Amino acid sequence: MSEKTINVSDAIHDALVEEMRRDPSVVIVGESIQRATSFGITRGLLTEFGYNRVWDTPIAENAIAGLALGAALTGLRPVPIIMIGDFIPYAMEIICNEIAKYRYMFGGNFKVPITIRVGAQGAGAGLAAQHSQCLEAWFIHVPGLKVVYASTPYDAKGLLKASIRDDNPVLFFEHKFLGSITGTIPTEDYTVPIGVADVKREGEDVTIVAWAFMMHKALNAATELEKEGISVEVIDPRTLYPLDKETILQSVKKTGRLIIAEEAPKTGGIGAEISAMVNEEGFDSLDAPIMRVAAPHTPIPYSAALEKLWIPNVKDIINAAKKIVT
Amino acid sequence: MVQESIERDILIKMYKLMVTSRFWDNNIDDMHAKKQMIGMSPHSGQGQEAIGVGGCLALKEEDYMVPSHRGCAHAITKGLSLKRLTAEYLGKGTGISKGKGGAHICNPKHNILGVSGIIGGALLIATGVGWSIKIRKTKQVVMDFFGDGMASQSDFYPALNISAAWKLPVIWVCENNRVQQFTHFEDVMGMENIADMGKPFGMPSIIVDGNDVMAVFNAAQKAVNRARKGEGPSLIECKTYRWRPHYEGAPETRTVEELEEMKKKCPIKRLRSYLIENKVITEKEANKIEENIMVEIKDAAKFALESPWPKPEELYEDVYV
Amino acid sequence: MSEKTINVSDAIHDALVEEMRRDPSVVIVGESIQRATSFGITRGLLTEFGYNRVWDTPIAENAIAGLALGAALTGLRPVPIIMIGDFIPYAMEIICNEIAKYRYMFGGNFKVPITIRVGAQGAGAGLAAQHSQCLEAWFIHVPGLKVVYASTPYDAKGLLKASIRDDNPVLFFEHKFLGSITGTIPTEDYTVPIGVADVKREGEDVTIVAWAFMMHKALNAATELEKEGISVEVIDPRTLYPLDKETILQSVKKTGRLIIAEEAPKTGGIGAEISAMVNEEGFDSLDAPIMRVAAPHTPIPYSAALEKLWIPNVKDIINAAKKIVT
Amino acid sequence: MVQESIERDILIKMYKLMVTSRFWDNNIDDMHAKKQMIGMSPHSGQGQEAIGVGGCLALKEEDYMVPSHRGCAHAITKGLSLKRLTAEYLGKGTGISKGKGGAHICNPKHNILGVSGIIGGALLIATGVGWSIKIRKTKQVVMDFFGDGMASQSDFYPALNISAAWKLPVIWVCENNRVQQFTHFEDVMGMENIADMGKPFGMPSIIVDGNDVMAVFNAAQKAVNRARKGEGPSLIECKTYRWRPHYEGAPETRTVEELEEMKKKCPIKRLRSYLIENKVITEKEANKIEENIMVEIKDAAKFALESPWPKPEELYEDVYV
């Protein structure tokens, strides 16, 4: 199998293009994706696939989700795009009350093959409280949805393809600072299965679960900690629902210690769920409290001086690890 | 308005379907009162039967339809069986949604999309169906029924806007009974008519007497033809009356006199008189039709009552494919 | 201090009336609250306070929240009502992106004194997937909001008053099956402070944290468990954010065991947060895994036959307790 | 259209404010390019200055105003200081939002509500302000500025509907530059004009040349008077042009020719010619005004640059009262 080097943004772009070529029922719809785009991911799609497959909408996120649902129920496989993660509150009704429940409430009579690309989450670009959030935690609490969040080009491409081919609704989250991160991927078609975590680094003393941009901070922290004699295992769940519990539990069995690192405010985050799950199902493995490295309970400030204090960073992960590995 | 002539068998179908809808509503209310039906109180469609029937008779088998939350006229006209409908209301495993939806019925075989319990989202789902038809180039249309209250939800605007901007084959049918649960139209709505909302978008927007099934049918046919030709959406506002409270057992905010006045405009009596006066059917035939329908309704009720409950393990099924 | 017996529904009604009498800037706004109401709580308000203080809106939940925000910024103290909890997705934009962030993003220049009454949560009435959810977990993850959920007439009245008097946005959740639950309350004016939990029953062997309708199931379970020699402490957090960590941690210190019982799907629920918090801050107190008793990861079914299996019940709590107290 | 005569000092104010807005925009773009300003790229209001200035000059001190996300014309006209505005964009502790908001400015002292980063919600907040005025009976009004893109968000509908149903003192001012980020009006909008949307609600809905500050002012005054008398909302659609890309550094989807054509309609040049031709001011006076403003802008920039960053502990402040 031959390989190539690519960044996350291009990997996502390529996955979209390849799936649109493979399956004529894949259509994409969102704000400002035809003429130009802020994040480059939809570039060239209009030229290749034309106006019947690439649709610009008015600024109405609930409508983007609703168009997708209507289309998914009638033979298409839409990829609606929420330009920036923070805009998803507008689409909560369709996503959580209609898309998530359609199959169940109507007795399995329908399939809902939708991949909602939620773009550009995350702080650090000086975009203030309403353009910087990571909101994935809300969605693991909504039965009927799958939640995917890749951190590498390999995972992003493979998981986006798997999401589009999945007959269930999937939220595919993206992070502002992942786009330029590079890695190698096969040149051939491949998918990464939904619901399977990946051990990004093996270690003995402490397990760190982290996804998206935090996963890279966790790897950096692991490198630093190594120097101080602390061996870190880094697990990227890649799918937040359904969670690959087994991989996490096995790792904690080995290390006895767990840190969950996430960019969102700590309270009510994904870290809470992972912590609670490990406590419930792997209590006897634990040699120390499970630590959550996460953001403080404040909206995200604009000022660069404050924003950098808000974002959980490598140092925070290192400190947490040192605290529980003693 | 001069009625365009409607074929005899369609007229008779109209009568049968409206009577079926009325009797079914009556019967489910009864079953609910007797606690044979447990769950969400029925939202009776009594008085509004002409709209679902007249509208859906203008559709072909392959066309899509999104029913409103009120009554069963739309669904039975589009082909949903009374047995599976009744069983669903009773929460039985033989229901069209296997008992998981209750009043949230559907029927993909007849391209009946689901009834959402949420006032609003269905407008966007219907827009999406229209969009999908346009993409798939199938010459189908989609007809969406909704109340005046749903027409006050924010989603109504992008639904109208997008369907107009992209000339989608959607027929918007508003059942304006001027009540929205316990709120009256004039207290919260800034426009005179819902039909006015179609005008900024240049879409044909007409007001019809929603108690006149023939008028609804004719308006729907025009809109369907237009949509099928790719000329875009239409908005049909049907002025009508809700006879029952919002749901069975709900408080009533209108006066007894008002309600009496409404009932004088019964769409079924009106069609019946027309059919008899115009010798489409005789009084005796009409009675016979009603008798037969009553038998069907009772059969459906029996089927539903005797049907098994869903099995415990079904709780976990149908969440994901 | 004299007392009277009252149910939760009437307690909430009385709190509203008394606060509207006390403070002319309190106004209420929502769907179908003038002429009649499904749940009776707003009865008589129009007659006493007139059209200028009691407003019916069109069916547009984001508008209800938006009206409240505009009013709160300009001198009023609005109580917007979301008729049934499941409709709150429509209001997510205003609640989470505007109301929660207004004070912070604008540098403390504004106060946002809003109490959002979120009505009629909960399953058990045969209302299917979209009229039965408990969605409070989403909101503890949103900095800027407070989240209150009372289980008794005393707490409901006192907390609603405290919420209305609070200068911050508060979500005040209500549950369908609490309305008829009775208890005694003082006849005099009183408030219950936001952020303080209440030990509803003292015990030695296991702590159960539960709120809203589940709190009553926890008390019933405690009575049963007592008979089998298991002594249960039941804590009602009453406020879900900010959480009274101290009361919970103290209790777990004593009992060494913790169960969190909630009506929502387990994954990503409030129980996850409480479990993770206790693990982090009270690890050494724990003698057994923290158990979560919660709903399965499915939408809520309509059929009475299935719905009763979906709802976490007294038996589930008893089983969990027996499992960890051995 | 014959211009209603506008007092000399208002005309001069208009000129000063539009120039200030233009120069400030230019300057902040510069500072951003030089990385003196770090954070969200400015969304320049160049070309659209007449709207914020003309609209806000029709307001009294005590009236409320909700600015759009584009440019500073509204905020400075309503009284926001250039220093605190600039400092906020730089994320400094002296900024009007203590550096926490950046482009999300506000000023409660002048009843300037916050600029939301979300396209939509502000429409409902403005409705709520109008509602509050009605309840408090203060004879204030609220003026809300928004783009044609925001007019496509679902919230626009309940905002119009409720303001009309309750006759709220709201003046809706749409800055229609026919672009919505990288989307063009005609691709996604089902109506010809945004003003058409006011018609179903019977609210005065007019179209003005948004590059003619006097026309905007006159239209705004009429709407303000009407609102103050309790006669309800108005919708003013100002046709205008966005000179810069969506934000500094964003892709441009319009042709160079189009942009050149737009710039010929510069609202500032237009007013300047009018003032000189009509001898309101001389060319020399106009130049002097511009020089003075440039000094003010530079002063504000200096103030902002020299201001301290917020202190670390401020991160945790202002979440709750």
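A few comments on the model shown:
Per-chain numbering from 1; labels A, B, C and D assigned in written order.
Keep in mind that, in the parts below, a contact is a pair of C-beta atoms (placed from the backbone, for glycine too) under 8 Å apart; a residue touches a chain by one contact, two chains touch by 3 or more.
Computed from a predicted model, the values in this text were never measured in an experiment.
Fewest steps needed to get from chain B to chain C, stepping only to touching chains, is 1. Relative to chain C, the chain whose mean Cα position lies farthest away is D. Chain centres here are Cα averages; for chain B and chain D they lie 46 Å apart. For this pair, chain A with chain D, the centres built from the Cα atoms lie 37 Å apart. Annotation: 41 Å between the Cα-based centres of chain C and chain D. The residues of chain B that reach two or more other chains are 95, 97, 99-101, 104, 116, 118, 120, 152-155, 157-158, 161-162, 165, 187-189, 319, listed in rising order.
Counting partner chains per residue, chain A shows two or more touched chains at residues 57-58, 60, 62-63, 86, 90, 93, 97, 104-105, 128-130, 143-144, 296-299, 301-302. If you sketch which chains touch which, every chain touches every other chain without exception. Every residue of chain C that touches chain A in the complex is listed here, in rising order: 86, 89-90, 92-93, 95-97, 100-101, 104-105, 128-130, 137-144, 241, 243, 264-265, 267-273, 275-277, 279-281, 283, 286, 288-292, 296-299, 301-302. Of all residues in chain D, only 152-158, 160-165, 187-192, 196-197, 199-203 touch chain B in the complex they form. For chain C in complex with chain D, the touching residues are 27, 52-53, 55, 57-58, 60, 62-63, 65-76, 93-94, 97-98, 102-111, 143-144, 146, 166-168.
The touching residues of chain D, counted against chain C in their complex, run 64, 95-101, 104, 106-108, 113-114, 116, 118, 120-121, 123-133, 135-136, 142, 154-155, 157-159, 161-162, 165, 317-321.
Residues of chain B that touch chain C in their complex: 38-40, 91-93, 95, 97, 99-104, 116-120, 149-150, 152-154, 180-184, 187-189, 250-253, 309-310, 312, 314-316, 319.
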